[in-house]
Each structure stands twice: as structure tokens, then as C-alpha cells.
Amino acid sequence: MNRVQSIAGGMIRLATFGVALSAGLLLAGVTVAATKTSLVLGMSVEPQGLDPTVSAPVAIGQVTWQNIFEGLVAIDKDGKIVPQLAKSWEISGDGLIYTFKLQQGVKFHDGEDFDSAVAKFALDRARGPESTNGQKRFFAAIDTIDTPDKQTLVLKLKERNGSLLYWLGWPASVMVGTQSAANDKTTPIGTGPFKFVSWTKGDRVELVANPGYWNTQTKLGLDKVTFRFIADAQAQAAALKSGDVDAFPEFAAPEMMEGFKEDTELVTVIGNTELKVVAGMNNTRKPFDDKRVRQALMMAIDRSTVIDGAWSGFGTAIGSHYTPNDRGYIDLTGTYPYDPEKAKALLAEAGYPNGFTFTIKTPQMPYAPRSAEIMQAMFAEIGVTMTIEPTEFPAKWVQDVFKGTDYDMTIVAHAEPMDIDIYARDPYYFNYKNPAFTDVIKKIELTADTVEQEKLYGEAQKILADDVPALFLFVMPKLGVWNAKLKGLWENEPIPSNVLTDVHWED
Amino acid sequence: MIVLLLRRLSSLLLTLLAVSALIFIVMDVLPGDPAAIMLGTSASPDTLAALRHELGLDQPLIIRYALWLGGVVTGDLGNSYTYGVPVAGLIAERLAVTLPLALFAIVLSVAIAIPLGVASAARRNSAVDYAAAFVSQLFIAVPGFWVGLLLVLVFSVSLGWMPSGGFPGWHGGFGSSLGALLLPAIALALPQAGVLTRVTRSAVLEVLNDDFVRTARAKGLPRRAALWRHAVPNALVPVVTILGLQFTFLIAGAVLVENVFNLPGLGRLAFQALTQRDIIVMQDVVLFFAALVIIMNFIVDLSYLYLDPRLRGRSR
Amino acid sequence: MTGTPLLSVENLAVSMRLPAGGQMQILTDVGFALDAGETLGVVGESGSGKSLLSLAIMGLLPGAATATGRIMFEGRDLLALDDDTLCSVRGKRVGMIFQEPMTALNPAMTVGDQIAEGLVWHEGLSWKVARAQAVELLDQVRIADARRRAQTYPHEMSGGQRQRVGIAMALALKPALMIADEPTTALDVTVQAEVLDILDDLRREYGMALILVSHDLGVIARMCARTVVMYAGRRMEEGPTRDVLTLPLNPYSRGLLRAVPKRRTDGGKLDTIPGSVPGFARLPPGCCFSDRCPERIADCQEAEPAWAIPTAGRGVRCIRAMQEFAR
Amino acid sequence: MSAVTVTVEKPAARRTSLFLRRPNLVIGGAIIAILVIIAFVSLFWTPMPPGKMQIIHKLKPPLAQGLLGTDHFGRDVLSMLMAGAWNSLSIATVAVAFGASLGTLLGVTAAARRGVFEAVAMRANDVIFAFPPILSAMMLGALLGTGRFTAIIAIAVFMVPVFSRVTVSAASQVWARDYVLAARAAGKGGVLITIEHILPNIANQIIVQVTIQLGLAILTEAGLSFLGLGMAPPAPTWGRMLADAQTYLGTAPWLAILPGLAIALTVFGFNMLGDGLRDLLDPREKGRT
């Protein structure tokens, strides 16, 4: 058989093998039933590393926080500060000295003991000069850290800071081991209930229960957890329906939610997140430097239509940079309600009788272009022409809008909880300078008393609602979809996370 | 003939060098600063500077290019900014998905296209010919990612026969991994099969009327044997050319299907690396693609020598 | 003509389907007989349909052609056989040599394998044995260093050598009948003689019947005992080669003979047949040669003259020839 | 022996309908003609303004609201498809015009000038061919920002090597022809020969390639939009309609099927047209039954 024929012949045999193989597989239908003590949890975004103390993306915390790493204190599902590696603590009268009593017998996954020296190492590492911690400003208020004995940690502050305790509960402030800190990015070692097993980049991270977990009161419902990273909403839905994934705490596409309604195996739980969809304006650029123009644009928008069109009706309207599940929330959507006629009149009064033209730089995440398209139609009603300029996030958006403030209007969802203080920061992309507002924020940081803080937060909200440095649109819902027999997943997300300590299967 | 190969090889290396320079400049000019992306919006300037230094981004362009190229030549492709792991490992990991997927798609494409193409050429202007022409036109016209979408909906969501996507990893069992690649392979194979059918048909038609096919018939070979033992082997040159092009496309261009089936393939790695401005990964991946295209062209050229003895000159 | 002939072609007609629709008749009323070991020449200008005749016998007519009549070979009508049975005849009982050696061989297959393939296919020999026999066949067709040349490819051989490979292929299975369709037309003169020698020696050695199709009267004279003269798809004259060449009955045969270029002493122009071969769609009424025949009379255009047998072993299609013979 | 009458039937009706002889040309031509008409009509009239939103009427099936139903913003799908026809076709045509002319120019000059120029041109070709298409389109999107202009450039750039390769091989064949050698011997300059002899002879191959590339351009535009790199909203293109509709496949399948169908039909039309033209123009194909 001449070799050339054998190729042709070979190709055919090879081909028929291919066809036979695929036919065989088609019938086999490979789906393994999920055993009851393991969980497959789906996420839209894959974290770029697994150490929350060296880079900022929230996805890192959503895999590791409270599962692998723990902090001195933690935030519970209602947003409250609860003890963790610090059993208890006292704050001095002048609020400058924090003394923490640490838990005993706590070990890292690599066997290293946790004591005050390790805690000091972790905090110094986070606030040090070479630190690449995304929230380095949390620790700015700390002056010195002392360790009188193994179980006590004393923080001395330069000035009072009401939020320090809250920030110590964040993923960015978790405790890391002295030897393991360097490569936590790829092989995370923490003190938490789950140990890291493997990470197939672009696909999944696998964790397994930590037999030597120090907190004996918590009863773990799971012995194996797999985080699957699926960006495409359609693929997410398919994974849920075909049983490949047990739960999606943050499902990507609101418009597919009612597709799960008639599926008896799955349950949908709608909570809310801290994601505030806000259309920021460049407050130093004409015409946005004139408050009346900003207020007119606010009145030109019907928030419920935006929510209905862009996010299929899920999500709650907000009047200021604050979400309903933050303490001290006031509903200010009534400050500038939807009133196109009044908006047109206000525009004329501000000197723009037949409107003006500007561009909005929209990142590619689905909520942005959809909201922008609806706003475009609404602004057209009052004679204002908005052109949409898609801007690649994070690269071009960070460079053009965030750093360069070279934009008229933009639209982005701010994920960090309780970050109303960004309007007091200078520089910040809004270019909004209001001494009265900055003063209120300063006061908040200096008062330790929560009731007083909540009153001040209310004041801050009112100033923003009236000043409209940005068009406050809505808070993104937490679209939870998971197996009906799965219990213990958080309904809301006061802090971006997937806490699995009390997750278990129920038959 | 050796001189011919050497000259061909040197010109290929030259092209590779040009590609490496081009991609380096493009990545440097792209807006967006990797450090800012990694540290997020509330990072302070000094932390940004610290990270830029750590990543070596603060050095002049030429030195960075030399360092990168030096590394590539010695096999050290550098570490990914975002993942912090050697890029070579990352690419190898993703290749373990993309390569089998591409091979699977090529096998399916050949299994569909060669028989269809040869049959429609043998029975020209018959029902088979028109049917094959229509089907191949349809496969070409329908966007691959759209086919993928429909396959997921039918086979995994409603019928539940197949996994909806993702990749369990080869250590997780050969059968389940191959199962995960079946639907994406079909979605990739159909458009290629359409093109391959048409190329095979015209190539076989070209050869079918040659005298040596009639000689084979005169020797007593039935129609089918003359077709497969004499006509088809002489029609393989254009077919192999297309297969070479298609294989590199399947490696580089499968990002859309990888998205629909969320497979951790090379295309997705490049897509994520671009969004995150993981410059080192982007440069290595594009260079890898270019090398693959060049090696593929080289292999196709070599196969010409094998398939068409006339090109070999004096063989003995 | 003793006993039943090896091959007997009776009333063969071949017509072609035209691309724009409609049929056109090419061969009309062709018939002849051939005994085992006998040689027959088929001579005619190009466009007379003689190649189509050989393809019709082999059953290898192009798709658009349809043949009617009978071709009796070894007791079976080849036209009635289905393709599979015909395959068992082709190559095994009837061998064919083609005109164009440059394209008649498979460029991607070694010469040895192309010869051996017939043996493997028909007699089920292993490739090893078949290849060995192929080398022997190459020796027989006088190709030097046959063992090495068997592994080479067609493009590494001259036209003459390739035609010899064609001969080796055709006689690999020692068929009863060999059909050679203008075997030497594409070769230059010196190689022509050598190829014809080989063909003749092997034919004698294996006692094979031969049909040699050619437009070259010299080749026919040298190789064939009997000859048929074809014109516009019809047989014009048939008989022993010597008689046809020396005492041609049909005016066309005479014109053909006169047109053979000879050294002329009187420096006159070479003789030609006036006019040119008409296309099959524009044949003149009556005798197909009537428009160019110098001896034409009115009756020639009345009706196509029938095939007549003036004496045993001779045939002619011309009323004038019959009248001449009668006197 | 009976007398034999010559039977030559007269070929059937003088011109068998064009459809029978050239099915691809007619089908392909018809589809493309209809699409071009729709595209032009959409500039003046569409049942509803393509951008008009009626959130209350969103996600209505065909015939319930407008002939082909509404999308997730309540916009009329039929109007969007018509406007999409204009956008997708215009992007494809401009891109192909750009790519074809540049590619052909490169190819023809390379064939004429030979030597260094050809080597450099072919080297540039290899470099572009070596770049992965979809990935490079993304990089272009990141560099120039997304939008109509980037889509056109991204599509055109990868067409240049295809056209230059086709042209070089076709042109060099024509250059080798005797009558061109004769023209050169008569002292004609390279440019003149190219215009007078080369281009007319390779025109048919280029035309066929243009139709095929037009089809591919539509597909690429759809792919780019799928990755979010296509035209900026609100101008609808088929690719973006398809991309946006992906998450509504479960609840509103027509949103994805209709644009998918439009894309498939157009590409099908272009390919059939390409085939028909190839048969019509390619002399070699004429004789074959």
C-alpha cells in the first residue's frame, strides 16, 4: 500500500474513529451526582491572585475571606463587627489605644502558631512602605503596635478613627503567616476552616476542610469546596440547570432569573449588595460645574425605568451614595424625582434652553451600556444629546476617567461598602469639592459613638442628594441561585464574600 | 533541497522576530497601566510605584524588550503580572485544553468534509453534489459561536446528556475531559468542515479527469478504488494547505467558542490578559501563536514534498 | 476466420449528450471481427472517432456518451455487462495502452507499484511478490536497472520509458487482447521504433491479439495484418493491410495514401485532400465523404452507401468502388 | 446493412433559463439585492425608529408587538434588523473595499517590481498572517477604542494579506504569459502593463475573492460585537443584536435567532454569489459539462 494511499486510508480510519468516539460519548452522558458533603460554587470573575492583602479586586476576598483567611475581627451577614482571632477588645476613652485579647491554640494551615507577634507582622506588612495592599489607607491612623505578651496586641493611633475596627474586619486586613505570606498569592495559607488544594487557572479553585480548625464550636457542613469561574451568563444558567454547579451567589444576568422560576431543584434568593450604580460627572467641566444642570439631568431620569430596562426590574433606586443595608440609610430618591418638564425649565434657567451635547464613557460590563442607552433616550426627551463612548474597563477607564479625569460623564458600580467618603477625597474622579461635606466626613471618622455616626451619615447623604455630584441610580441586587437543598448561604452581601462556614446540605 | 529548507527556516525566524517587535510595541502603546489595574482604584501613588518597580515596568523600552527576548530564547518566558506564576506554565496548562480541542475539531472536520467532498466530486451535479454544496454553504454561513450556543441549549440544558461547559482537567479522567470537549469541538468543526468540503470537492474534480485515473480504471479497478487510491492522494495538496490554516485558526481563533463553553483555553487566557493588561502574558501568547503559525506553515511545506513527489526533484 | 472470433464488434454506434442539450451521433455502424493472436489496425485522421472506438470496447466511455450495438468478447457482450463484471475483464483479459505517456501514469505512485497494482488486485498476490514481478516486467520492456527504476516516480522518466511502463502495466496479467490507442504519437521518431519493437515482440511471445489505433499509415503497415479505415465515425474500408495500402477501393483511402509525404523529385506541391474533416453536426447528405470526394457522382449524395463485401476478407462503403469492382 | 440517417437533434430552447444554468449566481444575487434594498430603505423608513424604547412593551414575541417582536428595551426588532442591515453591510463593504484595494495594490506591485519590494511585502504578509485575527482585533479595539472605525480597520487589516497573496500568484501567472513578455519587450513600463494586461486578467479572481471576503467580514463583525468591540450603541448591528440576545435565549429565543438568521443568510448569499461569479468568469469552468 503506497504510503500516500495509506494517508488517505489512514485519514478515513482516523475520521471514522473520531465519529464513532463522539457517538459513543454522546450516549454515555457523563454527569456525576454531587455527593452531599461537597459543594461546587460558581463565580463570574476569576481572582487574579489568592492573597487579599496584596491586590484589591473583590473576587480574591470572595474566594479566600473567612474560608482560608481570618482577621482579628470579622463582619457577619448583617454587617456587624464580630470577634474572630481577637476574642475581645477594649478601646481607651480618647479612642487612641485599642487592646486586643487573642484566641489561644490557633494554628496556620502550615502548622505555624498564631500569636501577637504574627499579628504585628501581618499589620506591619500591610501598612509598610513596600506594601501593595489595596486598602493601605485603612492603617494610616495606626502609629505603633506593641505585643506585651503572646495573647495581647496593643494598637496606638495617631488620631481617633471610628472606622478602624470595621476596616480590620475586611479581607484586606486578614492575618497571614510569617513564612507563608510571601507566596500566599499562589498557595494561600491561613487560619480558616478550609485549606487550599489546587488552582487550575481560568477554571477552578479547590479547597478542603481544615481538620485542625481552632474554632471547635462551628460545625462545618462541607468537606470539599470547588469554586468554578464562569463569566458567560448563558453558561452559568446551563451549569446550574445541568447540575454541574450547585450555587451561584451572584448570578450575572437578571433577565434570566425568571427562567429559574419553574425549576423545582433550584431556589432564587434576591438580596442586595453594596454595588451602587452611579453616573459620575466631571464637576469642574462645563456645563457640569453648574449645580442646576446636574439637578436637571437627575430629574430627567426615571430610576424605575432604568432599573426595569437595564436590570429587568431587580435592584433598588437610591437618591445618594448609600445603600439600604448600610446603617443610617435615608431614602432620598424623592429629592429630585422624575419630572422632565421641571428638568427642561431648570436647564433653560441655567442657560441651556435647547439643551447641549456631551459624551458618556461607559465600561463594557452589561449594566453600563444598558443604563446608558436608556439614559440617552431620556435625555433626548429634554433636548440633551448624549453620545456613548465604550471605554474598556479596567485599563482605559482607569487611565482616562479615574486618573486623567478626562471625561464628561461616566457610569460605574462602586463595590466598596460605606464608601461615601470618596466624595471627600482629593483627588478623586468626580472633582467634587464641598468643604461642608468634607467637614461632615471628618466628624464621622472622629466619633466612636455609632448613634452619632449614623446621624452624621444622614447629613452627608442629604448634601450629596441635593448637590448631585453624580446621578445616583440604583443598588445592584444580589441574585442568588442555588440548589434548593443547600442551606446557610448569605442572602445579602454587606461585604463582597462567599462565607461557607455555616453552609450545609439538607435532604 | 536542504538549502531550500534552510533558507525557508531563516526567513521564518525573521518573521518571528518582526512579530515579537510589533507585539512589544503595541502592548507598550496600549492605554492602561497594569499596576493601577492590579491595585484597584483606591491605591495610593507610592504603592503603585512600588508595584511598577517590582514588575520592572519602570525600565526603558529597549531594555525591557531585550530582557524579554533574552528570556524567551533561554526558555524563561517571565512571570505573569496578575497570576504571579511562570507564563510558560500558564500557557502549557491552557494548551492542555486548546490543543486537544483543536485536534478533536480537525478530526471531526476531516471525518465530515473528506467523504462529503469526495462523494460530491465523484457524483458531480447529482443530488449528493447539490446537497453537499448546500450543507457546506450553511456550515460556513452560520457563526461558530452561535452554533455553540444552540448545542449547549439542546444537549446540556434540555437533554442533559452533556456537561454545559468547563473542563474537569485530564487528571479528572480521560472520558469526562473528552466529553467536555465534544460540543465545543463540534461548534468549531462545522464551519471548518464547510470550507474543507468545498476545497476537497474542487481539488478532486481537478484530478478526476486526469488520464492516470482512466489508466487505473483500464487496469480493472472499480470506480471507488480508482477514486480513493489514485484521484484523492493527488488532490491532497490543497486539502493539506487548508488544514494547516484551519489548525492555527482553531488554536488562535477559538476564543468565542471558549467563551460560550467557558473552557480555560489559550484564547481566553489572551482575552483576560489583554483586559487586565497582563503585558508579559499577552506578549508570550501572541509570540506563541505566531511561532505555531510559522511551524504549521513549515510542516505543510514539508508535507507537500511528501504528497507530491514531483517537488522532491531527484529522490534517489 | 475459423470458429468464433476472439472479439466481434457488430453495428456499434456511439452518441454524445451535448452540454446545451440534445444528442450527437459520433460512431455509426462500426463492425469487425478479430481472432486470437490477430493484429488489426484502425487508421483515420484525428476527429474520425477512432479513439472513441477503443474506449467503447474497454467500457470506459466518458459519462456523456452512450454506446449501442454488440461487442462480443470471449462469448460475452461487453456492452451488456455491469461495471463490476467489466472490472474483472479490464486489465485481466483486455489491456490498454494510452497515447499521452506524460499524464497516463499516477505522479504520486512509484512506477513499480503502478504495475504491481494490477497483479495485487486481480490475482490477490502480496505486494512483495507483485513488486518482484513488476521488476521482471520492466526488464521485459527493456528498461535498464529495473530494480532501482521500479522505486522511482514517473516524473523521473522520459516519454519513451513511461510508454514502456504503460506497456508493462497493460500486459501484466497477460490479457488475450491489447488495445493501443496511438501509442507512439507523442514520442519522437527514434523512440517510436523501439517502443513498437517491444510491443510487437511481447505480443508475439504471449500470443495476444492487438488493436492498434493510429493516424500513421507507416506504423499500421509495420504492425498490423488487417486494417480498417475510419472517417467521420464510419468504417470506409477494411481488409488485409497489404491490399488496403496497395489496392485501396475507397476514394478516401486513396486520398489518404496519396497524402502520405514522399520525397518528390518534380518539386511539386504535396498532395492533400481538398476541404477539411466536417464536424459531426455538419455531415454532407448521403456518403459522408461526398463533399470532398474527387470521384463523386450524383448518387453518392442520395443515401449513405451501405457496407458491402466485394470479396472475402474485404469490405468497402462506396457505391463507386462496388461499380468499379463489378467490371 | 440498412441505410443510416444522420440524426442530430436541434439543441433545446435557445437560452435555457439562467436559473438552471447558473443557480448560485441567481440565488446569491437575489439575496444580496434584497438585502441592499432593505438597507437603503432603512435609511428613510423603518416601521418604528430603531432606537425608540418602550420598556413596557419589552420582550414581546413576533406579531404580538410589531412584525418581529421587541427586544429587552422594547425596541422594534424588525426596524433594528433593517438598520442593522445598513450598518453591518456598510462596515463590511467599506472594510472589504479598504482591504481589497490595499491588498491588490500590494500584490500587483510585488508581482511587477519583484526583488526587494516583493520580499518585504511578502514578509509583511507573513507577519500579519502570523497574528491571531480575533486577538489582534481586540488589541486594535483597546488601542483605538471600540466603534465603527475600529471594526472596519480590524476587519480590513486581516484581509490585506489574503488579497495580496491571491493577486501576487494570479499576477505572476499573467506576467509569465507570452503576450505580456512581448509587451515588455516592446518597451512598455511595468505600471502600464499592469493596468492594461495584468489587472483585467486577474479581475475575475479578485471579484470572486471580494464576494467571499464580504461574507467573512459580516461574520467577523458579528464576532467583534460578541466580544463587545463592535459599533457603539445605539446604532444596532446584527452582531450586537446577537450578542445582546445571548442571555435572553431561554425567555426570548427569537431575539437571537433572527439576527443569527440574517447573518447566515447574508453570508450564504455572498458565498453563492461568489461561486456563481467564479463559474461565470472562470474560462476554464465554461466547457466543463
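When the chains are written out, they are named A, B, C and D in that same order, and each has its own residue count from 1.
Basically, contacts are C-beta pairs under 8 Å (C-beta built on N, C-alpha and C of every residue); 3 or more make two chains touch, one makes a residue touch a chain.
Just so it is clear, the structure is predicted and the values come from calculations on it, not from any experiment.
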| item | value |
| --- | --- |
| Chain at the geometric heart of the assembly (C-alpha centres) | B |
| Most extensive contact between chains (C-beta pair count) | A-B |
| Remotest chain, subunit D as reference, centres from CA atoms | C |
| Euclidean distance of C-alpha centroids - subunit B vs subunit C, Å | 54 |
| Where subunit A and subunit D are represented by their mean Cα positions, the distance between them in whole Å | 44 |
| Whole-Å separation of chain centres (CA-atom averages), subunit A against subunit B | 37 |
| Subunit B and subunit D: spacing of chain centres that average the CA atoms, whole Å | 23 |
| Where subunit C touches two or more other chains at once, by residue number | 108-109 |
| For subunit B, residues that touch 2 or more chains besides their own | 30-32, 149, 153, 229, 233, 259, 307 |
| Two or more partner chains touched - positions in subunit D | 142, 246, 249-250 |
| Interfacial residue positions of subunit D with respect to subunit B in the complex | 123, 126-127, 129-135, 138-139, 142-143, 215, 219, 222-223, 226-227, 242, 246, 249-250, 256, 260, 263-268, 271-272 |
| Interfacial residue positions of subunit B with respect to subunit D in the complex | 11-12, 14-16, 18-19, 22-23, 26-27, 29-32, 137-138, 140-143, 145-146, 149, 153, 249, 252-253, 255-256, 259, 267, 270-271, 274, 285-286, 289-290, 293-294 |
| Subunit A partner contacts - residues on subunit D that touch it in the complex | 51-53, 55, 58, 72-74, 141-142, 145-147, 228, 232-234, 246-251 |
| Subunit A residues within the subunit B interface of the complex | 2-5, 7-9, 11-12, 14-19, 21-22, 25-32, 46, 48-49, 55-57, 129-137, 185-186, 200-204, 228-232, 234-235, 237-239, 241-244, 392-396, 398-400, 402-403, 416 |
| Contact set on subunit B toward subunit A in their complex | 30-33, 36-44, 46-47, 50-51, 54, 82-85, 90, 93-94, 104, 107-108, 110-111, 114-115, 149, 152-153, 155-157, 160-167, 169, 175-176, 178-179, 182, 185-186, 228-229, 232-233, 236, 259-262, 264-265, 268-269, 272, 275-277, 306-307 |
